[in-house]
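Dropping a structure here in structure tokens format, bear with me for questions.
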Amino acid sequence: MTALHPLFALFIFPAGLFLILISFFFEWLDRKLIARFQNRQGPRFLQPFADIFKLLAKEEIVPIGVHRTLFKALPIFAFACVMTASLYVPFFGFKAAWHIRGDLIIAMYLLSAMTVCLGMAGTNSINRFAVVGATRTLTQLFAYEGPFMLALLMPALVAQSWTISSIADYASNHTWMIVTQPIGFIVAIIGLIGKLELPPFDAPEAEQEIVSGALSEYSGRGFGLFKIAKNVELVIGLALITVFYLGGIVNPLLFSIKMVVLLCVIALMQSTLTRLRIDQTVGLWWQAGAILSLAQLLIIILVRVR
Amino acid sequence: MTDNLIDSNKSQKYIVPIGPQHPALKEPGHFEFTVEGEIVVDASIRLGYVHRGVEKAAESRTWTQVLYLVERVCGICSHAHGTAFIQNAEALAGIEIPPRAKVIRAIAGEIERLHSHLLWLGVAAHEGGFDAMFMYSWRDREIVMDILENFFGNRVNYSVNIPGGVKEDITPEFAEQLRIKLDFLEKRLKHYLDVVNDDVTFRARTVNIGTLGKEEMTRLGATGPTARSAGITRDIRVDRPYSGFDIYPINMILDDHGDLNARFVVRLKECFESIRYIRDVLEKIPEGELSVKFPRKIPAGESMSSVEAPRGELFYFVRSNGTENPDRVKVRTASLCNWGTIVSAVAKGHKLADMPMILAGIDPCFSCNDRMVNIVGKEKNAQLWTWEQLRKYGINYHAMQEGFNVSDCGIEQLREEK
Amino acid sequence: MKLIGMIQDVLSSMFKKTATISYPLKPSPPPERYHGRLDYNAAKCTGCMMCTRDCPAETIQIKVIDRKTKQFVMTYNIGECVYCKQCVFNCKFDALHMTNLMWESASDSKEGFQLYFGKKEHIDSLLKQKNEEPTA
């Protein structure tokens, strides 16, 4: 498909406003799937829209003793990181709004920066639940980041470029990388669940132990922006994995179907597994995750060298 | 309420308070965990947020009214409270209820045990983040609630007991419906037992967590399924049978690991035993009437009785002085005994992330708890005072402060007049 | 050891009806023995007051209009009542029984919860009397 005018692609479609609206749809689909898996009805279609709208309209309460500017700026900063990362990712069969050399690294860096923003937001609030949540967020970041990045970098190795658009072109023209790199695909999917702090890796946000984790003190507009940022992160993650492992840029309908299938897999894992403790998460990733991704890397190097 | 001795090092460590308002707790209670990193070093507890003055209110109501008052101490074990109280009153009045009523009381108690254990299963799984089991076990619990609603009239606080027997009868249609639903429940419970025994992530959260040995548990006085999960053979239905259990006995379920997983297994197996018991007894309910006449004035005396509530041993003491109202009703519930196992022994050395599941593992019922006052003396010459002594001391002290002699101003007479 | 213990539940629920009851949209009748509103037969009542003596909430009252000709009005507050059925059990003359109606009760005033049973003229006179009393 031909590229659209960059500014239009940036603000309206497919990044920008369209992305935010689609992220509501994905959040609804996620919640509805989990509900159906648990044999209950689940929310109606406009529910996430209503949630975010309500949050954006409510009063924001800043607790005493925190750094006010940082408190108010962090949600905006996190939102900006995620939207900037979406510039380089091709959605729904359209080319990305922008591309420069090495934008895969930039996109991954920006997504990690968002998680660091979460951690900073938690430590900034003096609430002890938030501090414990922030500690767990950052600990989990150290755990899954290595294997997850490797899983995303391996298609780049094979395509011999660090630019997402080139990798996407390579993926469209060759067999699906899920077939050639199955281990990498598994690590990528599970890593995405860890990045988004969904069960079973939602120890940083454990409702039963630490109220709401790093975001305990946030309310109103700041909280709304964090929620939108997390939803957009879900869409970006799904889009990246679909582009890399499931055949690159194709027509929009097929692309959407693939993203929805991936979401079904994630929802299935969410609704059936217990939450792992933070030390079990770190242990799992540093042992199983690292071994699997290194093994995949070794296979690719051997195959390429031969 | 037990108080931990104040430690001078406490102020340097990090205290995480949980409650009284917290998403993990369904009822209010205040816990303070002193943590270093993620390991809990010390724990203390404060209860008393749901104190309603039930024991005092019982002194100004008639025996029948007290029965309904006491049923509402706890929503989940309400039948057990009612049974324990009214057994006392019937013993004091010297009447013997007909065997059909006894067996219907036992059946209602076992159905209540089913619904309480299913509720607990969901809540404990939810505390561990396992929402799938939470939703499914509560969906199956709705079947038990429908049974209770169809035949006793209400989902909680269904008031089967009246002084002298029971109110509602078990008809053959009820028995048939009950059998069909029990078959379905048994299949679902078998499935949950498989999940508890086999699911990898679930076992990672429960095996060898919160382990307490048999000697420790006996020393701390645990009761109910918590004690039986460590191998202590203590069950009121077997040791001192009451109502239907002396006609048709029931078996005790034991496990000897003493950890969190053992508590799940013991409670699930108790559900199976209850289902077997109900099925068995439904065939053999003795014929007869449902209740006998109960006098309005009970002769004076004291009486005690224990009942096996879903959480453990429930103990009632009743004293009557010959009038229409009881003189003193004392309630001691099971959850109070089990707190000691967490606060004194288990909490230290575990991670903060395990705390909610460990707290949920003893099946705490906060509404039942707020009754006991415990005075702990630190020095050897501390004495225990009664209320009268304290009152006298207070009057004398303040009188001396003001500078007049107590016996002069007629305070003694004032007190006699009251 | 299974990796995911509840997998068959979860997958099969996709093809079954949900367990949620769509309550306001679909009618949900109460079971027969449900403890609902009381029903009072003034013709059978003798005014012995046994029902009022054992009510845990002390809410049921029998107002005597004329004892000789057996004119009584029964009143109780459905907000205070605990639906225990002790009054039904105490009545030896079968004047009270409990229906399964009125399980959804809402009112926009406190007086809406006080129910009166009896002949219409007696109830009207009672209400008039109540309104004329000075409020405490």
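Odds and ends about this structure:
For reference, chains read A, B and C in written order, and residue numbers begin at 1 within each chain.
The criterion applied here is as follows: a residue touches a chain if its C-beta (ideal position, glycine included) is under 8 Å from a C-beta of that chain, and two chains touch if they have at least 3 such contacts.
In UniProt terms, the chains line up like this: B = Ni,Fe-hydrogenase III large subunit; C = Membrane bound hydrogenase subunit mbhN.
Predicted model, so just to flag it, every value in this text is computed and none were measured.
Of the two chain pairs examined here, A-C and A-B, the one linked by more C-beta pairs in contact is A-B. In terms of Cα centroid distance from the overall Cα mean, chain B ranks first. Rounded to whole angstrom, the centroid-to-centroid distance between subunit B and subunit C, based on C-alpha atoms, equals 30 Å. Computed centre separation for the pair subunit A/subunit C is 54 angstrom, with centres defined by C-alpha atoms. Computed centre separation for the pair subunit A/subunit B is 46 angstrom, with centres defined by C-alpha atoms.
Within subunit C, contacts with two or more other chains are made by residues 4-6, 9-10, 19. Subunit B has residues 132, 136, 139, 199, 202 in contact with two or more other chains. Those residues of subunit A in touch with two or more other chains are numbered 37-40, 271-273. Within the complex formed with subunit C, the subunit B residues making contact are 61-62, 64-65, 68-69, 72, 132-133, 136, 139, 142, 146, 149-154, 157, 159, 162, 167-168, 191, 194-195, 198-200, 202-203.
The residues of subunit C lying in touch with subunit B in their complex are 1-6, 9-10, 19, 30-35, 53-56, 82-86, 89. Here subunit C touches subunit A in the complex through residues 4-7, 9-11, 13-14, 16, 18-20, 22, going by the rule given at the top. Chain contact summary for the complex, subunit A toward subunit B: residues 37-40, 128-129, 132, 199-200, 202-203, 206-209, 211, 271-280. Listing the residues of subunit A that touch subunit C in their complex gives 35-41, 268, 271-273.
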